[in-house]
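So, here come the structures, one by one.
Here chain A shows up in two complexes: once beside chain B, once beside chain C.
== the complex of A and B ==
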């Protein structure tokens, strides 16, 4: 069913959603810098065209998450679980690339091998209102990664920015619960036509220019290749590309303790950090940046495809945009493909 | 043309085997950006570029190459880092050939991006003008309006140490009286300063790009990563973020060359140089010392002198 939402009603619409749901949306934290956050007030939600620096994975897999708390009460020790999600949630405004990435995280956190209650509970409690990407950047390559700026996959409701209003497409059963929202109106033929043309424009801007065919097999042969010496040379070994990557999902678990209480926390971790693979003995199987930069690419384009049959890159372009040394994963892919 | 001279010198150095490797700036894949290049083959020297976007401090890469002879392209600030690192004995005295470039002050691509509507797809430079083009626009901007804060107040644009200078020595003067962010910071009251610091550090994602981009941050194990003793947790609590940023800045006291690499590397655009700039100012006032300017003078915080100021001992 196709509806529309006038932008003048946008904040009232958000307020309406917030009555029953916790609302997660892009929030501007500095000029031109945004993250997905739980919003307390409709005016917090940023409606600017830039894809937030930090990807939407954070809504389901926070950078730092308490797994349980413990403490002494009298002579007894009490443990409090933090698994449960108390209120239903909405993720608003996520781009198709970020949602495709969430579907990749699903393969890990609710996949064949593991069921992660922290992730699954959040995922199940959340209705996803995706947003068509009408102004993709030159760094976007989602169309090469089985996605596209208007891919509806993994959205329950999908919005298209028409200028004065959003076109609202209800796509799933979960989404249907919102059909009767008082701020939704019926879309006209004109709206539908406008949306089509916006979609076509955007899709034309992001061509499927990057060939990924056979990259897994190519990489099979490259573990000892001198190629990695060149890749690592420029890399300064920070964690920007892994933390801002919507598909990277490594974490480390730590106990934060005080004398009589504490909590177990999991924090994002990065294969680009030397500590990541450091063993208790002091031995490090990935002793230099060469092994670490190789790991990052191998995981995305070789190990992940081997394990779940999909490439773990969605072409959002964040690693290209924010790399302090201007390393470009597209060039790296091209070089691998050239052989 | 500086770029031509750079290429020619790099070719000579590589062909004569005076160096094994030249580290310089190369074309980035995005407009308004350059990317460090590592050249071993004299036939590849044409990858070297010189323009207003050479924002990185390449001396941070020196830690990677312990045994090679390196030709390093340095701006004023980068050369100061090399001097400071030499005093900290990070490489052998004859390991480096410094290809110095008097700097025209670098342009902040983020500021340029904000000045136009739409994505910038191409940029070129003509004198003091940037010609910026996108899908539906083409505009001319004055490069002076888009400089990095650390470049606006730079008074060491000429390399303090170089084996060879590319281009004419430039006049040393600051464009502004004080670093704009530091001025704003110092004008605040104590509580407001804390609020500002808390707001800036509050969006830190602990990617440590600031640490890795900084040539002076080279500890084999950073205090944030110590697990025994554990100085801090690994999460995003405000106290941990603030702790990291205070200690990172303080570890730079008397060692920072104000190159701004930390701030430029931050993906969350956290203001960082107002702190290091203030520390630099303090060190200058208290000890008359500027990092990396005098190749013989070690940082006052790593030396002892009986004449040292001791008023703080009460």
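== the complex of A and C ==
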């Protein structure tokens, strides 16, 4: 069913959602910087036309997350898990690339042998209101990665920015619960036509520029290749590409403690850090940046496909846009494919 | 949904120093809750994450055998923050544990064959579990000949000394204990594990070899096993990597597409041959 939401009603609409749901949406935290956060007031929600700097994975897999609290009672230690999600949630405004990435994280955190309750509980409690990406950047390559700026995959409801209003497409059973929202109106033929044209423009802008065909097999043969020396030469190991990557899921686990009580937390970690794999003895199986940059790319284009049959890159372009050394993963992919 | 990150409480029943350098301490832990004990089923070669609340977690191979009911044994090398705390923990105190984790040794595959166990230093823990499992009277007939070769740098650094003596008295197994450098009281073999292996190894025919030890020992032992004509698919080893989650989520411990924590830590040489050489 296709509906629409006038932008003048946007804040009232958010207020209405917040009565029953915790609402996560892009929030401007500094000049030009938006991240996905729980909003306390509708005015906090930034109506960004651009994709936020930090990916939407944060809503399900926070940068820092308490796993349980512990406290000493005599010789015993009591452990209280924080895995439960108290209220239903809405993720609003996530772009198709970030949502495709979430579907890849599902493969990891759902897992065949072990499920991760912290992630799964949040995921199950959340209705996803995705948003078409009407202004893709020159760094975007989602169309090469089985996605596209208007891919409806993994959205329960999908919004398209028409200027004065949003077109609202209800896509799943979960989404249907919102059909009767008082701020939704019926969309007109004119709205639908406008949305089509916006979608077409955006899709033309991104285009499919990369061929990923056979990259897993190519990389099978390249593990000892001098190619990695060239890749690592420019990388300064700052790790920004891994922190801002919507599919990167590595984390560290640490205890934070005050005398007799404390909490165990997990924090995003990065394979580009030397401490990441360094053992207590001092031995490091990935001693130089060569092995570490290789790990990052092999994981996305070889190991992940081997394990779940999908490439762990969605073409969001953040690593291209924010790399201080101007490394461009698209060029790296092209070189591998030439290789 | 079971939360794989939550430790269960266990109590330190016994704690004692194993070696003269005071770097290796064995903890014998008992379950605090009956349901935890019932739910804890493991096979030799699996490991646990031990928690020292406030310091963190570290992975340790289970040194006891599943046939030794009611308690779990771990031998801890003092190296960092968590292990140092575990060296100071006292009997009667509590630790958190998560597990069993990892795949363990392919017990079923070994059945009906001969077993050669080659160990070095403090990597003998899960090998001890494996040996104890097959020495259990009702399990002994599952495999044919058992040969154990275990070495340490000095006599004082050998683990489970009393047990080694008991084993060496048995007539249903062959036990060779060697040290790199002997001392006045040492009456046993002197020599490096790979060299001694040449002399004491059983025929590779119908024999599985399980090798655990420091990297240097592994590096020189594998060529010896090859020279003895052990095929790669009958050589097993257990690997170590820096680990956090233990359940294949946090990254970090992978070799190629496999995670040492959940797809290992036990691998055959045949498997390792096709993985990237990251060591």
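By our rule, the second predicted complex is superposed on the first by the 332 of 339 C-alpha atoms of A that agree within 3 Å, B and C clash if a C-alpha of one lies under 4 Å from a C-alpha of the other, contacts with A are read in each partner's own complex, and residues count from 1 in each chain.
What we mean here is this: contacts are C-beta pairs under 8 Å (C-beta built on N, C-alpha and C of every residue); 3 or more make two chains touch, one makes a residue touch a chain.
Since this is a predicted model, take the numbers as computed values, not measurements.
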Legend entry - Side-by-side fit of chain B and chain C on chain A, or clash: fit
Inset, instruction - May I ask you to decide whether A:81 touches chain B, chain C, both, or neither, giving the answer as first, second, both or neither? - result: second
Inset, instruction - May I ask you to decide whether A:137 touches chain B, chain C, both, or neither, giving the answer as first, second, both or neither? - result: first
Inset, instruction - After the superposition, just quote the angle formed at chain A by chain B and chain C, using C-alpha centres and rounding to the nearest 10°. - result: 90
Legend entry - Touching partner for A:116 - first (chain B), second (chain C), both, neither: second
Legend entry - chain B versus chain C as contact partner of A:179, first or second or both or neither: neither
Legend entry - Touching partner for A:324 - first (chain B), second (chain C), both, neither: first
Inset, instruction - In the overlay, answer first, second, both or neither for which of chain B and chain C A:237 touches. - result: first
Legend entry - chain B versus chain C as contact partner of A:20, first or second or both or neither: neither
Inset, instruction - Check the residue A:254 against both partner chains and state whether it touches chain B (first), chain C (second), both, or neither. - result: both
Legend entry - After fitting on chain A: smallest Cα gap, chain B-chain C, Å: 7
Inset, instruction - Name the residues of chain A shared by its contacts with chain B and its contacts with chain C. - result: 252, 254
Legend entry - chain B partner contacts - residues on chain A that touch it in the complex: 29-33, 35, 53-54, 63-64, 135, 137-139, 230, 233-234, 236-240, 242-244, 252, 254, 256, 265, 267, 270, 273, 275, 289, 320-322, 324-328, 330-331
Legend entry - Contact set on chain C toward chain A in their complex: 1-7, 9, 53-58, 79-80, 83, 92-94, 96, 215, 240-242, 244-245, 247-257, 262, 276-279
Inset, instruction - Sort out for me which residues of chain B touch chain A in the complex. - result: 28-30, 33-38, 56, 60-61, 64, 110, 113-114, 119, 121, 202-203, 205-209, 211-213, 221, 225, 233-237, 264-265, 267-270
Inset, instruction - Spell out the part of chain A that touches chain C in their complex, as residue ranges. - result: 67-68, 70, 72, 75-77, 79, 81, 83, 108-109, 111, 113-118, 120, 223-224, 249-255, 257, 262, 264, 266, 269, 271, 276-281, 283, 285-286, 291, 295, 298-299, 302-304, 306-307
